[in-house]
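Both complexes below contain subunit A, partnered by subunit B and then by subunit C.
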Partner chain A sequence: MKKILVEICTGTTCHVMGSEAIMEIRDMLASRFKDIVEIKATSCIGLCRERNAEQAPFVKVNGRVVPEANLLRVTQMINEIERGD
Partner chain B sequence: MLSDNNASRIVKKLLVETARLSLEENLEEEIDRLVINMIPKNSAANRCCVHKDRAVIKYRLMAILGRSIEDEQDELKPLSEYAKETLNREKITEPVLTVIDEACSACPSGRHFVTNVCRGCVARPCMVNCPKDAIEIHNGRAEIDEDRCVNCGICLKVCPYNAIVEIPVPCESACPVGAISKDQSGKEKIDYSKCIFCGRCMTSCPFGAIMERSQIIDVAKKLAEGRRVAALTAPSAAGQFPCDFKQLKGAILKAGFGEVLEVAEGADITAKKEAEEFEEKIREGQKFMTSSCCPVYKEAAKKHIPELWEFISDTPTPMEFAGRRAKADSPDCITVFIGPCIAKRQEALEGSSIDHVLTCEELGAILVAKDIFVRETNHAETLGSASIEARKFAVSGGVTNAVKTHLSGSTEIKPELIDGLDKKNIKKLSDMCKANTDANFVEVMNCKGGCVGGPGNLSSPARAAKRIEKSFE
Partner chain C sequence: MEKLRLEDQGRVITALCDGLGSGVKAHILSTLTSTIATHFAASESNLRRYAEIISQILPECSERNLGYSTFTISDIDSSGRNKLIEFDNPSAILIRNGRIERIKRRKVSVKYGKLGSREVFQSVIDMQRGDRLAICSDGVTESGRGEKGMQWGWEEENLAKFCAGICSENKGLSARQMAKNIVEAAIRNEGGKCSDDATALVINLRRPKKTLLVTGPPSQRKFDAYITDRLKNFLGTKIICGGTTAKIIADKLGRPLHTHPANIGEGLPPASEIEGVDLVTEGILTLSKLEDMLDTAGSGRAENTPAGALMELLLESDIITLIVGTKINQTHHNPDFPIDVEIRRNLARRLKRVLEKNYLKKVEIELV
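So, the complex of A and B:
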């Protein structure tokens, strides 16, 4: 299967709003994902400036934006992408 | 502690919004509207309805304005009036925490409960062993009679299927000193004659019902007015943002602080004096001496382990030394300690050299409100002159290491580390006073891992420790 790319924003706004906790996501994923999910930390991806900062932290999964991201939301998005939704 | 939950995210949003409003000097005019903006008419309710959600937001904002919810006299008093009072206040008052009864869900207290894993076995060890005859079998399954049950937990231990669980009240089970309990209405209340300000109740409540009384508005107001405000960064603050310390320092200056002093410079003085005091006291025959920089620990000794008091070092804390130095350099400056700690608010109230205490989370909210991005900020020119040992005060074992570097060698140090103040360690400290102990220097930290594990932090202890290491290598 093609890799799923998870980009976690670690810019200041996203960091303050809690992105660091999402960095632990690897441990939360079902084992079938372990080899196909790639996790990357990025610097500010600009969304906090475009939209309002209160929707941070932002995570992108294969380019799809997850606002107010947390472990649950990001995992759901990974599932959705795997199912091809 | 790193919390990834909605309750803490809502608090952070509110901190950012209120910081922004006060930096724009719009707080009084806009704060009532903030409640509606947060919970608009058609939003999906977290609790029973939009109105309850709004009420909780209002009380959260009161805590952010630095008020005690318990003091509310008039439910109709708008936030704008509270904001006005905060903007005019010069003095901070006790206590440092407040319970939002509207948010407290009155969790049923410490009950034992039979789950459907129960097989209604013939042996019935739960029933046979219950000292209060509280268990009966109905429809092939054990049932606990709540009126008789005394929560001894024997049934839970004897069930061969692990079918019985204990449902805890999160804040009560987190509290190491039994300072939080229910009032008649079932809502939690803090007994401040017992509380040691560790903040565990606050970080453990899944409803976010316990909050700090913030001083973010007091600080933001002084920044907006252009007053001379000095930031005193705790050693652990250096690891809390995704950048090195010089950049963080640059960001704090950009936010309007007049200068940034490292509390680690105060830690150098504390370590030196503590080393001298240690050698003197052991020479004079004292059994052991403990560190003194963690205010939660000192509060615990004062209120719960009085026999320990005489063993605590008399040396003032790094925060106190740093504050004195800032006031000596410029007597009319406002000193703001920035760190991970709730109890430092209490320590500041009792001393005279620190005007305000912000958590790293609150500093973060100010940076976000001002659109300051740490990694895009210019480095501050100087790093400061603290020693590397003092800069590592924030990680468990750091105090001992710093003290060691100042010892003359006349007395052999036999250190022991109390890493996290829980019920067990409180008992251990009390026993050390009574019985013999091998150690002669005891470092006590309330937070596991040291201040990098503090409740007002933004980073995980491991990452924070790594950043501190990298910033000062």
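So, the complex of A and C:
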């Protein structure tokens, strides 16, 4: 099974907008994901400064940006990637 | 406890006072005593006269005609000459090369109101590099009183042995750590809870420790290399506060920047790591938290957060340079999240103030 990399931005903006809570995803994933999903924290990935970018917090799942990220949206993205969409 | 640094004269004056009884009244009076004592010491150089006047002007309990507060005042100049005045506190303990060094004291009787006279001890100690002088309140020496094998409590002699022990065990023991160790031992003697205020003040003579803290990206790209070089070549503790700043420096150094996910759950963004840098944290939020902690915590327990680690490092140093980047953060243009470069600059200024005023650090700010 292909690895899935989840990068959670912990920069100032994303932190203020709630990225810390997304860390909990470690405990919330279905067990089939436990071995294939790798969760990493990053410092500011720069999206918060782009004027036309969407809202923080930002999470990247295998490089795909999840804006206004929360547990649900990140889980959905992981599911999508697993299905190969 | 009160500390005062007279920059122009190279003097540092500290006083440890212990108020009669405990609680708010004792606290206010010992604070008052230590403030009067240090400031008066600053303006008087004749030791005897000074001891006399101090013991006369200090607040006194109207019912009992007793001084409200004991005191030990240390007035140390840049050559290491320490003029010590002790009144009713346990004797100060001098540790040199891990051994107890006797202090030659002179007893001075000082005329004193209706009570007749009181005895004050004065001494002049030529402190040498590495010396540590510990001044404690009787809450320390009397700790554990009545416990098994400690009829009179810990006692000065055992305290002195304990001090010599921890100093020879750890040559690099800082004054703060030593004071903490003493108070913690006193609390242990009491079985985990102190019945009297236990305070320890430690003076350690050594070369100043230096720290460089870089926060915020520089105003212009061309200064990126400058801040990186400053950090790389700095002799002392190196700290970066700010994700973007950390990234700039890591890139310039060609070293990876690694953020710990494990440290999350503390209300602050997690710390990161760059090889060769002692501490890497997020910027604004961590520095604001640090300011709060410096304002309120005093020498309290360090929190196990990036801000706590930061505070620990700064309090262990004497000369701190803050390099503050002034690049306008584009986030500013995002109307939902107005962060301004002013925030960082003001934070730096406020940190300088609290570190200098409450902790006697020397702080320099450099804007880039």
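Observations
To be clear about the criterion, the second predicted complex is superposed on the first by the 81 of 85 C-alpha atoms of A that agree within 3 Å, B and C clash if a C-alpha of one lies under 4 Å from a C-alpha of the other, contacts with A are read in each partner's own complex, and residues count from 1 in each chain.
The criterion applied here is as follows: a residue touches a chain if its C-beta (ideal position, glycine included) is under 8 Å from a C-beta of that chain, and two chains touch if they have at least 3 such contacts.
Please read all numbers here as calculations on a predicted model, not as lab measurements.
By the document's definition of touching, of the two partners only subunit C reaches A:8; subunit B does not. Contacts of A:44 after superposition on the shared chain: both subunit B and subunit C are touched.
In the superposition on chain A, A:28 makes contact with neither subunit B nor subunit C. By the touch criterion defined above, A:20 reaches both subunit B and subunit C. Of the two partner chains placed by superposition, A:36 touches none, neither subunit B nor subunit C. When the two complexes are superposed on chain A, the residues of subunit A that touch both subunit B and subunit C are 10-13, 15-17, 20, 43-44, 49.
Touching subunit A in their complex are the following residues of subunit B: 2-6, 8-9, 12-13, 16-17, 241-242, 251, 361, 364-365, 367-368, 371-376, 458-460, 463. By the touch criterion stated above, subunit C contacts subunit A in their complex at residues 243-244, 246-247, 257, 259-261, 264-265, 267-270, 272, 282-285, 329-331, 333-334, 336-337, 339.
Against subunit C, in their complex, subunit A makes its touches with residues 8, 10-13, 15-17, 20, 23, 39-44, 48-51, 55-56. If you check the complex, the residues on subunit A that touch subunit B are 10-13, 15-18, 20-22, 24, 43-44, 49, 53-54, 68, 70-71.
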